[in-house]
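Read from first to last, the chains carry the letters A, B, C and D; within each, the first residue is number 1.
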Amino acid sequence: MLRGIRFPDDKDFSGCSIFGMMNVRGEKFNGEDMITAIANMKDRSNGLGGGFAAYGIYPQYADLYCFQMMYDDEGARKESEEFLEASFEIETAEIIPTRACEGVRESPLLWRYFMQPRQKVTCELEDVESFIVSVVMDINRKIDGAFVFSSGKDMGVFKGVGFPEDIGRFFRLEEYEGYSWVAHGRFPTNTQAWWGGAHPFNILDWSVVHNGEISSYGINKRYLEMYGYVCTLFTDTEVVAYAVDLLVRRHGLSVEDMAKVLAAPLWDEIDRMPAEGKQLHTALRQTYGSILMNGPFSIIISNRNQMIGLTDRIRLRPLVAGRSGDIRYISSEEAPMHLIDDNVEDTWIPRGGEPIIAELENIARPAAVEENLLSLSGADS
Amino acid sequence: MKSYILPEFLIDRDDYRCIRCEVCVRQCAFDAHWYDEEDDEVRVDEDKCAGCLRCVTFCPTNALIVRRNPNQIPENANWTNEVLHNIYKQAETGGVLLTGMGCDKDYPIYWDRIVLDASQVTNPSIDPLREPMELRTYLGAKPDALEIGRKKGKSSVLTKISPQLRLETPIMFSALSYGAISYNVCESLARAASEFGTYYNTGEGGLHRDLYQYGDHTICQVASGRFGVHADYLEAAAALEIKIGQGAKPGIGGHLPGEKVSAEISHTRMIPEGTDALSPAPHHDIYSIEDLAQLIYALKEATHWEKPVSVKIAAVHNSAAIASGMVRAGADIIALDGIRGGTGAAPTMIRDNVGIPIELALASVDTRLREEGIRNRASIVVAGGIRSAADVVKAVALGADAVYIGTAALVALGCHVCQKCYTGKCNWGIATQDPYLTKRLNPEIGTRRLVNLLTGWSHEIMEILGGMGINAIESLRGNRLRLRGVGLSEEELRILGIRHAGA
Amino acid sequence: MIRIVPKEEFCIGCRLCEIHCIVEHSKSKNIVKAYKKENRPIKRVEVEEEGHVSFALQCRHCEEAPCITACLSGAMQRDAESGAVINDPERCVGCWTCILVCPYGAVRRDEAERKVVGKCDLCPDLETPACVANCPNEALVIVED
Amino acid sequence: MAIYDYAIVGNSAAAINACDAIRARDAVGSIAIFSEEKYRCYSRPLISYLVAGEITTQGMYYRPSNYYRSAKVDFHKESRVVSINPAKKMLTTAGKEKVKWRKLLLATGFLPFVPPVNGVEETDYLTFVSWDDARRMLALTNKPAAALVVGAGLIGVKAAEALHARGAEVTVVEKMDRVLPLALDARASALVEERCSAKGIGIITGESVSGVESRGGHKGRAFLSDGSEIDFDILVMAVGVRPRTELAEAAGIDCRRGIEVDEYQSTSEMDIYAAGDAAIALDVVLGKPALNALWPVAALQGKYAGLNMAGDEVSYPGCNSMNSVEFFGLPVLSAGIVNPEGSDYEVITREDGDGEYRKVVVKGDTLVGMLMAGKIERAGILTSLIQERANVKRIKSCLLDEGFGLINFPHAIRQDRIVEALAGLKKADAVRGRRG
């Protein structure tokens, strides 16, 4: 299923449902509510893809990178494992537990590896994470029939072809406990569905679920390629994940500034800003104009600390935010929040291009983020 | 010597319509029309007709038709009329064939073999009349990454961004030198660029003192002749451009005949009145890439590192490698001029046979710079045959940051592309210094026409962008996925980096 | 009132102003007919030309118009509404005194019908006088005062 | 006793233009116009057109029929002023009406001058200066008649032309050696004579009428100085005109050949102004006051008199001897000095055949005279140069060129005239006035 179906330079057109849920105190909950919520938006997906990302699910391996892999066959697995062993100490290699589930067919071999790069390899590198990225790129590009679909720490992505609720049950998500979850139901107009193409997209601990179409994909991809990102999944969502990785991890931008790159303010607005903001946003657009995500989208970007909701600049796709005690919701529709939670206090629709950010409370964070957290806790955003 | 050259055009006059007002007589600087008082008839001297259609356009009764002389030699794919005409001319004069404007040979025009994409169903197209649509473009080197500091919850930029040119539409006016064109054309270009928020380029003719007021929208060229280059000139400019080559005449210099070097031009170019202005083929201080780097840095130093420096080359076979070198030599802007780029005067053989189409040069340069990871270090501006908003969109999607328009701007001002620029008798008052002719271009009107053109094209670009579901030009720039080729070979598609329509 | 100001730096000497003036003041207002079939009216605007310099000049509609003061018959009057100096052909006797005193040479004999003078009337039937409207280079512009 | 803010004696060009000027500045002041004729203001020069049938009586009027009413003027027609008292500011009419004024304008015009020729008083001769003259001429030419016109000045020649148009057989006798000796030069006179002769008008120059023998009524016989005799049915005496100064003189106002005025058209008596053919005012070409009994001159003087009477202080710019006449389709325009005497003048002429003759007279670098016959377009440009005493050094050679015009002026002056000075003629007048 992974071989021979990739269209170079192509991307995937899809309409979708997205749902994110995070406990900002870090209290964990299982995948049950996520499955219920995403299933509630069934008409936004067509059975050609569903997936979840969950944070905090592998506490026993919290310091190890978890590669979750799809293989077409044993040959691909062997090749990949040899490749990995060359540079990693593999602590655990295991088949990802699944259950037979009607509506989920022809699954690839699903394996996960908890591991860390060998000292020898990382010594040569200043930046371990860049090494991980390059390994992911190498496997995805070079090993036919193998695909890394998640590569972070203490987190995992579970996705495949089918309705999201079926995928959830297939992966037995009720057995996982995480404090932050995202889910995706997919409606590709491209009938060629494949497991790797389902959302979320992940690199390191960045996960992206996406509803929309990135009309600027062609240039976003070419720009990221200049920075060593090889877009192998042939979907526009992939570029979001890489762009986020580039901006936040590698270039050190704050999440908010990153959001202002992906959904840049209009020049008109920038022109009206006070000098400092004007300079900042002008520089952001000048430098990163090529990864402005143009076209209709709403996305949820997650990492271990944050869950970020964002729509395109002119809000062509839906996104609703909600709050219930320590729980933060970001969703395509409001109904699922109420379905799983009687205590949703307030919900609101963020403005186009305005990021909403949910963040773990007990972590040190840049002050810049504070304001957005405040705005998320209020209903006035 | 009896000339064997047949008149290129015949002029038909409808006697019923002709009112003998003599407008045609007065409008033709080539003296193709004359009034015969004795017979009260307007007569023609067709040998002199340039086919510029000035008379046709101005005839108040539409009494005139200028048509190609049907007297042609027997059809021959090899020995065409044009070839014969050229040989007769050279047999009669012993000279080098001269021409004006851009190459008119029918090399493939790739713009016309590339089609654009639009949104249907899966994503919405955007209505530019209701939604914002951004064409603003910044030209100049961009950093690889932006370093951002945070204080009291506020982000601020720590990276020093190189000087940038801000364009409100990705279209600039190409290098057209004062001397090749009249002062009024320069003024029209300067005012239109200022009004619209874009730039015009002085070419190698220097900057007339009356145009310093538009310096903020002026790209001042430093060419091999160094005409008119002095401290104030560099200071007045918004950006500087080192001209290495020109699409119409790659590898050769320029020549402004002495009769065009009027007092004003002499003053502006800093050469004696009435002397020929000869631009050498190479810069005699640039014999290598490191020499170019030295000049780039000299110009930056001279202007306090406040102005981007562009380097313009003719599109030739190894443009991609050259461009890479130029970027590494410190050029902030790479200007590429394709084989169809215009000129005031060039040897016909050079114009028509040297260089490559801009589309291919652009694609290969953009690809190369990306492969080398240095695409952001310089902007790419392309010139040479941009004829419409669609060409602009295709150029941007292939990877250009902006385009230069020369011929299109002149056409907006009235040019009918008769290719007789080199005669100095431009009936449209454009490529001439004859005061009787130059006043035919009123800069008020010229400015308006150019601004209208930019407005129209910009609206069209917005429409096309909106149709693609894109509302900022940077999301189109280099977005080759939105292009498809029609009727192109595998190799052409590969170079252009696009897929065939239907695929 | 409106006044027509010539811009000599942009007058290209095409004389289309003269031609369209004649047409506008012709009976048919059709250019070919006016020139070929009718008693062609006089031009009320004249292009002066010397070397490469030229400009089109018509009645200035002077504030202190000498032609009005000099007119023997009272035919030359200022139109109260438009402020234009207008010659009433019904009252004009063709004594040419106005031609004698006009410092711009802007009054001409018009003997197509009967002996009267003709001069610029600012084309009362048109929104923009014909010479201005048809100047291809905006070398005639309207100023309002 | 009625008191008028403005009283005007006379009802022709000067009077009406004064009245217009006053009204333009003073909308309410009372105005009275006294005219000895019965007509509303008409244009005296048009009588020849009336006789020749070129216009109707309706065309004679200088202003519309509601003129006096709309200008709020008390029009005293057939009311000849017989005396004025400057001390009492009072005038008396022939009808014994007494009227007081605050400002008075004497626009008394001229009377034909008839020389003391033997027997002329016994003959019912005509003059040709008024509407009544025209009516008489029309009546007398209802049947074929032989007409003798004495004097070939402007009035004489126009009378001859009018009589010819009425079918009369016309002979003109002129004492000088050519027709229109003052207005034209010899060449132009010859052109006019050619036209006249071609039409069958007899022209006898260099002879005077030494006596007239009446044969009852209008008929008679004239004896010329060369001894020849001419029988006539109509005799027109057109030897000349004299300004009517008797009213002014009787009131003690300074008069020489006409009523003397200063640059404000003011006479030697306070609040009494004079304008028109009776006044002797600045001739810019001659550089001194002169009599220019011409309609445009009278109108301009009247205008300036009116402006000053209404309280403005504007100098009369001065005028020059300007003539525009047409004889049998030959228009002839002249201004300033056309018959220069002495060697300080430079004369340039140009002849293009078929009666097209042009001439300019330059003194030093100043254009002082011009004449155009046949081809008269744009003559006013030259007139204005004469009027302005402009320096024509640089354009002297092209004054008579085909297409001469403002294009030949220096750029700055041209620009000033065309663009800046749209409303500037008045300004220019004022400048000239100060200089004068």
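Remarks
Basically, contacts are C-beta pairs under 8 Å (C-beta built on N, C-alpha and C of every residue); 3 or more make two chains touch, one makes a residue touch a chain.
In this text, all values refer to a predicted model and were calculated from it rather than measured experimentally.
More inter-chain C-beta contacts link the pair C-D than the other of B-C and C-D.
Centrality by Cα centroid goes to chain B.
If each chain is reduced to the centroid of its CA atoms, chain B and chain D end up 69 Å from each other. Taking the mean of the C-alpha atoms as each chain's centre, chain B and chain C sit 43 Å apart. Chain C and chain D have Cα centroids lying 28 Å from one another. Mean C-alpha position of chain A lies 104 Å from that of chain D. Annotation for chain A: no residues touch two or more other chains. Under the contact rule stated at the top, the pairs of chains that touch are A-B, B-C, C-D.
Only residues 7, 9-16, 19-20, 31-32, 35-36, 51-52, 134, 136-139 of chain C touch chain B when the two sit together in their complex. Residues 17, 43, 45-46, 49, 54-55, 59, 61-63, 295-296, 299-300, 303, 322-326, 331, 333, 335, 376-381, 383-384, 403, 405-408, 414-415, 417-419, 422-426, 429 of chain D touch chain C in their complex. The part of chain B that touches chain C in the complex is made up of residues 16-17, 19-23, 26-27, 58, 60-61, 429, 434-436, 439-442, 444-445.
Contact residues on chain A toward chain B in their complex (touch as defined above): 9, 11, 13-15, 189, 212-213, 215-219, 222-223, 225-227, 250-254, 256-257, 264, 266-268, 276, 279-280, 283-290, 292, 294-296, 313-314, 316, 366-368, 370-371.
By the touch rule above, chain B contacts chain A in their complex via residues 119, 121-124, 126, 131-132, 134, 136, 138, 142-143, 145-148, 150, 152-157, 159, 161, 164, 370, 373, 375-376, 397, 468-472, 474-482, 499.
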